[in-house]
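You will see chain A twice below: alongside chain B first, and alongside chain C after that.
Coming up: the complex of A and B.
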């Protein structure tokens, strides 16, 4: 909560008031609960697939590709020990030389989106830019899941 | 050094690549600032003079 809002609540007699220094957007980006009319809209974090395959920078691409395909996926994310997203592997990257290490094959530092972003807006941008999938992360870069355009369109756009 | 080769479709700022798709051939280039505002990730900021 903002300092001024916290101070006002204290003047109204509330005793357990805390300032959340990260701000409201950071709160929502961490997937923490919200209320109000806007909280009812579908968001990227709701539709992002949490079970997306992950790998580390030093993994062998061929091994990761086999694991990804066996699990029925066409993408994977490279993360560090804390779950911070370091790279993205879509079909194009997964099709490279199997003896490459992940850090040699991945798209480094991919564009990521916060979980609270409106699915409607994400669907619009993903269609406009012909993006099949986009990683969703918290403000500090930790993986939430992979959002597929098909899911964003299905859940974020009203039927025509 | 990064070559600033494309311009944001919304604000005209020169950037190296579209922030949404990172496709060098993107036809709807958008910069990080404009994309963040459009997606509600941050609020538009007024100029320093308050304009």
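Coming up: the complex of A and C.
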């Protein structure tokens, strides 16, 4: 659609026309702000906790667990040097042998969600699938934050 | 001929004064659009509607994705 629009504008005398190939999907998946009716509603990226502890694949599990607990968390995310999510550690994974490396203990390749998904939708999905928390990432896999079901339900579902 | 750009290039061009144009149907624009974007659905682009744009400045068109 954008190439045809660009071509049409050129026929109308516009000399500097560019096509944003990624489009609105790419923009929103990067967690960037939008305008419009939906921008008034909370989304996954708004409620995801940005201060979730992170660690690398080669960290020792016991060290990460101590750091996570000291910070008052019950989960952590393993990321690479670019912030791309590689694994998730919830309570179950954090309770494993402290001498394991993170890559041996983590839940690899966790399901992730894009920041633009509405909290209402997230709340229903997380309840249906019994997810206590879910990583929110950009389309290129970079961590935005960890969304807790309790936050999604509190902010995304009207009180009964 | 128009040129394809990515998100970083878009942000640079907008900072330099480029105009953003969403060409999706108007109801999709109402729901969500890039900050500062105008709406002219593809089927409505003609000399009259395009007059709302400045032909002397760069225009960045976009839709939902690569389609």
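Just so it is clear, the second predicted complex is superposed on the first by the 142 of 160 C-alpha atoms of A that agree within 3 Å, B and C clash if a C-alpha of one lies under 4 Å from a C-alpha of the other, contacts with A are read in each partner's own complex, and residues count from 1 in each chain.
Note that in this section a contact is a pair of C-beta atoms (placed from the backbone, for glycine too) under 8 Å apart; a residue touches a chain by one contact, two chains touch by 3 or more.
Here the structure is a predicted model, which means the values were calculated and not measured.
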{"item": "Touching partner for A:30 - first (chain B), second (chain C), both, neither", "value": "second"}
{"item": "Contacts of A:110 with chain B and chain C, given as first, second, both or neither", "value": "first"}
{"item": "Partner chain(s) touched by A:130 [first = chain B, second = chain C, both, neither]", "value": "first"}
{"item": "Touching partner for A:20 - first (chain B), second (chain C), both, neither", "value": "second"}
{"item": "First (chain B), second (chain C), both or neither touched by A:118", "value": "first"}
{"item": "Partner with the higher number of touched chain A residues, chain C or chain B", "value": "C"}
{"item": "Which superposed partner A:56 touches (first chain B, second chain C, both, neither)", "value": "neither"}
{"item": "Touching both chain B and chain C, residues of chain A", "value": "25, 116"}
{"item": "Of all residues in chain A, those that touch chain B in their complex", "value": "25, 107, 110-111, 113-114, 116-118, 121-122, 125, 128-131"}
{"item": "Interface residues, chain B side, partner chain A - complex", "value": "18-23, 26, 28, 30, 35, 38-42"}
{"item": "Of all residues in chain C, those that touch chain A in their complex", "value": "1-7, 9-10, 13, 18, 21-24, 29-37, 42, 45-47, 50, 53, 55, 57-67"}
{"item": "Chain A - residues contacting chain C, complex", "value": "1-10, 12-28, 30, 32-39, 116"}
